[in-house]
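Going by the order they are written in, the chains are A, B, C, D and E; count residues from 1 in each one.
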Amino acid sequence: MTEAPVIEARSLGKTFILPRGGLFEARRSVIAVEDVSFSVSRGTTFGIVGESGSGKSTVAKMLLKLERPTSGTLWAEGQDIFAQTAAQERAYRRMVQTVFQDPYGALSPRMRAGRIIAEPMRAQGTDRATAKAKVAQLLEIVGMQPEAASRYPHEFSGGQRQRIAIARALSVDPRLLVLDEPVSALDVSVRAQVLSLLQEMQARLGLTYIFIGHDLAVVRYLSESVGVMYFGRLVEIGTARQVLRRPAHPYTQRLVALAAAKAPLGAARLQGELPNPLNPPSGCLFRTRCSYADALCAAKRPELREASPDQRVACHHHEAIAAGNKAETGPLLQPA
Amino acid sequence: MGPFILKRIGQTLITLLLLTILIFTLARLTGDPTPLVMPSEATDADRTFFREQYGLDRPLHEQYLVFLRNILSGDFGVSFRYREPAMNLVLAAIGPTLQLAGLSMLLAIIIGVPLGIAAALRQGSWFAAIVRGYAGLGQAMPSFWVGLMLIMLLSITLPIFPSSGYGGVANFVLPCVTLAFFASASVTLLTWANMTEAMRSDFVQMERVLGIPNRLIVLKHALRNASLPIVTYLGLQFGLLLGGAVVTERVFAWPGVGQLVVEAILNRDFPVVQASVLLTAVLFMTVNLCVDLLYAVLDPRVSA
Amino acid sequence: MTRVAALNASSWWSLRLRWRRRTGRPRLPVLSMALCILLIFAAVAGGAIAPFAPDEPDFTAILAPPFWMEGGSTMHLLGTDQLGRDMLSRLIGGARVSLLTAGAAVLVAGTIGVALGLIAGYLGGLVEAAIMRVVDAFLALPFILMALAFVSALGTGIGNIILVMILTNWARYARLVRSEVVSIKKRDFVLLARVAGVRPMAIALRHVLPNAMTSILVLAVLDIGRAIILESSLSFLGLGIQPPDVSWGLALAEGRTYMSVAWWLTVWPGVAIVLGVMSFNLVGDWLRASFDPRGVL
Amino acid sequence: MTLATDNGSHQAFLGHQPIGRRAVAGGLIATALASGLGGAKTAAAQGKPPLVVAAGTDIITLDPCRIAGGNDYLFFANVFEGLYSHDENGRLAPAVAESHTVSPDGLKYEFVLRSNARFHNGDRVTAEDVRFSWQRAIAPETRNPRASVLVANIADVEVLGERRCRVLLKARDASFMENLGEYWYIISKRHAESAGEAAFERQPIGTGPFAFVERRIRSHIKLRSFDEHWGRVPQVGEVTIKIIPDDQSRLAQVQTGESDLVINIPPVLAAPLQRMPDLKVIRAPSFQNIYVAINALGGNPILAKSEVRRALNMAIDKNILLRTVMLGFGTAQDLPCSPGLLGCDVSVQPYGFQPDKAREILSKAGFEFNKPLRMVGQGSGRVPQARETLQGVATFLNRIGIKTEITMLDYGAWIAVYGGKEKDPAVDLIFANFTDYNSDPSGRLLRSMRTGASYSWYSNPEVDALLAKMNDFSSPEERASFLHRLFAKLHEEAPLIPLWSTDSIYAASRTIKWKPTPNVSWPVLWNVEKAG
Amino acid sequence: MHRETSPPILTVKDLTVAFGPMERPARAVAGLNLTLQPGEILGIAGESGSGKSTLCNAIIRTLPRSARVGGEVRYDGRQLLALSEREMRGLRGSEISMVLQNPMTSLDPLFTIGNQVDEVLRERRRQGQSNDQVTAIGLLRRVHLTAPELRLRQYPHQLSGGMRQRVLTAMATAATPRLLIADEPTTALDASIQDEILLLFREIRDRAGTAIIIVTHDLSAIRRLSDRIIVMYAGRLVEEGPTATVFSAPRHPYTRALLDSLPQVEGDTVTLKAIPGQVPNLAELPHGCAFADRCPVAIARCRTEDPTEMQLGLRHRAFCWLADTAS
């Protein structure tokens, strides 16, 4: 373990400033991400799980340098990516690529597939002929015919488009892929195709993945370790096996319960409403919906603490919960 | 809502400032008004005196600053031609123009909105094709041509309406019809397009599966949703009407701003050009500001 | 200062679907497209197909009526004007000037507007604010008023009329493109291009522009009709094209005084304008319907 | 006192209400509709029919000392008078004065005023008013732009009695009597002084056959018959002059019966009108003179040669142009003046239409046929058919092989080129029109022929010397023969291509009987008769 | 729960919906048969393009005009396809109701929730389908919307997706319809909210005996909610049966493949099996079974002959030549 992690987030935070609500009102701000730290080592997948608005996509944007963090730092192979020289940034652009959720929006509708795939290479200075040869190779890797290069995105189905998006991401031989819900918009059977492709790629090319998703089964399929986000904060982090099998945080427990195939309807009903991002609750952000919440939760925001050797959790009461509720969560997704 | 208005007003003010530069430069670029204002017998001394009197001999930027200072104190200068304060001439002319543009707008809405709705509900029918033809013609026929034809037809061949002039109710008919023909064409098309879109929206689909009567769906929900872009467009249309009035006013000898400004431009009557163009622009911008505010009233999402 | 609907919602995929569905029933668009092509052909071929030079007077055949009327001859199918010039040739010559002015104006105004709109939309911030305020100032003046002011400032003649139409038109393109850019630049493929390390200028030209092109094209086609009308209105007010050049608007304006003596002097150019504008509008509308379900430009 | 803002006095026009009810013409065009205008009552009270006139261009000023252009005479000629003016046949005739005598040296004119000459407010015209009118006309603060023509040459006006005055000239001026009617209007001293400068322009009082009632800028002017006039009592009661710039719309006014008389009908509209039974076209020769000025100032050296200019004259068939372009509404001219002008009725040999000879002369003179002549025209129209005219001229030049390049300018740009201080050497030929206000040619000659004059594109010291002497006569006969020689010289020099003088064309309803005063371009309305 | 003896509330017979040119039609629904008992919850599963939404729209007759519909849809004995638009409108909302996929756009953004709920209530009362005791607040309470008084005054954009879907459900069930069609009602929602909306549907059925058709590509939603399931592929019904049976012992290879493509956890490893190939183009369907090209067990006959219905047990049938042999 002497090698520096491929990517490491240290207390990453992002606050968005909103326009003034009124002339005399103060500017309001929304904390999208707060104090998120994780590190991912080579060849593994780190999954980030959360519902909409949990800040997981903002983390992805920061990893891709599309957003600047307002606090904390992001380190890639030992280098602070927000303190890079132009040359280092170019190198980073080669190192990191991404696949987005929407297979329709991710491909420029006026470009042929070949050009789309070649674009990152061309932007990095690869010459036309080399790029062209590589496109054919990449198409083959993602399981498509080389003729596809001359077609436009609308001529492909959703799954095929996502394959093209993956080919494009792979074109510059990245070491890290940020996968932001890459299969959420796909049909079940296509989803399976793309997931197997991703897994195959990782095995073949030794890639590191950051996989963002809300479907626990899918995250579990790819990830070695998982972080669970709620309202911009990591509430639980650890190995996928441990976190998704024996969740320590009440929120994770709910998520896992909901995903359980045989769980009856309403088994994991959450009380209360989502907190208002403009006016978050004091202390633990989850306390408004948590049945274990008490005065401590309202007073003090819990820090991540070790819950098991493979697992850290931000809950004041996780020991008590673990002791009392072992039976509540079964194994995730029994075969049908 | 508050900051939205303030921002819009701020933008409007900056735009106005730019506009004064634009108008001022344009007016000065038209050339020296002296030969147009002075008769041929005038001596060089007379001409020089004229230029000095109106400050036309000074450098342009100085003239602009004087102009700006004066309009800030409400002084738009005196018409070179009529020796009246320019703003008085413009104010006297703006009434007829507003009446003409306003009535035409009203007429255009009265014609265009129902036609557009009906066409949207009968997509692909003969009726829709006829409406399309009407709108196509309305957009393609230059309004001076329409005006002349109307005069030929309805005041010379069949003497029903007065051919020109301003005053009685009858005088309004031909100019308003001329302008409204053009304006109603685009109102029709716009209503049509937006109604079609509104009728395809999910909430209309939802209302249909809930068995809400068609009348309510069309007139309450679809129309109100379609009206948002229509209202915005009507604000822009008002500017087009003000512009269209320039030509229409000329055909019908309507004593409005359009005629005034054309005449003033041709005679290089800078103060009148500046005052009338500025006032028209302010009017147009005010209308659009109001439209934006109205939008905020109509659409609860804006004020959130 | 006002809202312009953007096309962002409709993906290229659904555009193609709609396109195909439309092409199943070609009627008016095909007709108007044919007319557009005919007009463009007349404009380009001009002298080669016209029976006479459009500005060649014949004092022996002043105000000759169209051929089917008493006193008309097949030599001048559509009659002659007050100087004995052949109306058909004048219409053909007029097509050239009318379309040339309209086309050139739209092309250049479009290019300028698109460039500024791209810059404003892409750079944002102070640059955007500055450009958009100038755009607003230009849009706050009624079109024809500004055209008049420009014409009287710059003088008449084809070159100046084109210049005037450019000056009065560019702002709308700028506004349209800016709003397109603002919506397109948030789309995933633009973000991905940034991730790929593509330079901003290349993103603007390769990703943003092609995707905004549809609405620009629609606006441009519709604008040709508008420009023809503007030119004829300016000519009507005596500030448009000047002889010996001939345009439809000028022919109409000149013939207007003869309306009660020789209807053909006003009717033919009028018909040419209406047909020309209508066919361009129909093509534009059809493009718009194929590309933009909202139909708001 | 300057011409600057006078804020107190625009009330009159702002406070005015829009014109009242408008009758809808439902019946025959011939039915002259009661105009329905507010002031009709006054007319009815007098028992005289009202007259509605449609004019194309608005009056600019109501103050005769501030005249801005020929069109203002539409107002002045009906509301004001000079000591002498021209009668309905265009001949010099006494007006406010009843007689005059001239001293032998031509420097002292003594006038006897009519005993029954009154201002519209009832005051009698006195010699003091005459003196005051002169003083106001030359006062530097008045800035009368026409002072240079007549009143500036007056050294003094002596009041010899209530009705007698003597005008002392600084130098002999043979045009003095002719110009009295159009360049020196008599105004009321009492009214001008009591009303003040500003109010005078809004409520002018003169001695003419019509009195001013009200004005709405760009809309209309109302006059009423001044029944106490010394001799020219109008047949109509109230006169409304509507301003309708568009020709077609203006003409429609008389077709629909909304107006009785339409002025400034372009020839093309007049031609078909002649066939309409309910209307009549009234035409009268005018002093509006159409020609093409040749830039003889050396910008294009070949045009400095008089034989080249003569050849250009020969190349053009003005009769065909007159017939086709003007539809015959005008009189062809071979001299640089209108036929009624003093000294112009000389019998010189016209150049005639000789294209072959023209070509021959040009070739001999070394004319470069390949170098186009640059022509400047008046594009938008104050002058009817201006565009067609220049195009027609160009066509005839083309026929003898001369290439042409036409630029049409709007009126403002055209006048800046035509009347500019520096004549543009890039202009070879320029469309021009000149209107004399009376039959004296001195104004025209001094402004369009003299070296350096505003409308002159020609320079010849010989001609300049003649022009300097032009008005230095006291015998009309001597002056006439001098002018004759001058015009003959100018004809030979051919500084321009004369085309024609246009007719003033009016359209009137059948109920109107009127003979316009010849040679003036504006209507003098006191002799209009209107039936029932 | 099922009243097997009672007459079905809905019978669909040989329903075919075609689009596109006559000579080369794309059959979004091809010869589909199904019945629905009162109070039964039927889940329709399938991937996008399988024709499940078209089926719903055909039942409630909201297909675009370009659609050509054949066959029979009997609701309570009445042939819906033969009703006039006016008669159909009388049924919609009161007898047959529907909840659409996208709660974000299914409410008119310009009117308050109260206004829109009232509108539906007024219409129901006008039809005599509802009495004055049913109030807007009551309706919102029934769908467990918090602070209903506040919600009535709010505009749609002020509500979250889950709340909007509750409002829409309340509106759709204001008159206690006997048939409720829910077209992908939870797809746009977060997992925790999905669960609650599904629960709400079950509650509606339990309370009022409403028959529900729920269309979704989310197999776990169907598994948890529905009594019976039909699986559609390329416009055809491929398998139908009681939910538990189909999930535990799927008989059609497509159903099996669909279930297999969900990640499976075996000990510490998670696996999934993807279906190779793609959904075929509806206008260019091959002969025989539409799934044959992707089917791991296809035989020659599958490519030449359309499979016929294979009855596999009580209310369990599949359209596959091998349905009885596969385990």
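What we mean here is this: a residue touches a chain if its C-beta (ideal position, glycine included) is under 8 Å from a C-beta of that chain, and two chains touch if they have at least 3 such contacts.
Source: prediction; values computed, not measured.
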item: Graph separation of chain B and chain C (steps between touching chains); value: 1
item: Set of chains adjacent to chain B and to chain D; value: C
item: Identity of the chain that, by mean CA position, is farthest from chain E; value: D
item: Centre-of-Cα separation between chain E and chain C, whole angstrom; value: 50
item: Averaged-CA centre spacing for the pair chain D and chain A, given as whole angstrom; value: 88
item: Interface hub residues of chain B, defined as touching at least two other chains; value: 30-31, 148, 250, 266, 268
item: Multi-partner residues of chain C (at least 2 other chains); value: 152, 237, 256, 259-260
item: Sites on chain E at which at least two other chains make contact; value: none
item: Residues of chain D defined as touching chain C within the complex; value: 247-248, 266, 268-269, 271-272, 320, 324-325, 377, 379-381, 387-388, 390-392, 394-395, 406-410, 412-413
item: Chain B partner contacts - residues on chain E that touch it in the complex; value: 60, 62, 89-94, 97-98, 100, 102, 105-111, 119-120, 123, 127, 155, 157-158, 168, 171-172
item: List of chain C residues in touch with chain D within their complex; value: 55, 57, 59, 62, 82-84, 151-152, 155-157, 237-239, 242-244, 254, 256-261
item: Sites on chain A touched by chain C in the complex; value: 64-66, 89-90, 93-94, 96-98, 100, 102, 104-111, 119-120, 123-124, 152-154, 165, 168, 172
item: Chain C contact footprint on chain B (complex, rising order); value: 8, 11-12, 14-16, 18-19, 22-23, 26-27, 29-31, 136-137, 139-145, 148, 152, 189-190, 192-194, 196-197, 200, 229, 232-233, 235-236, 239-240, 242-244, 246-247, 250, 258, 261-262, 265-266, 268, 273, 277, 280-281, 284-285, 288, 291-292, 295
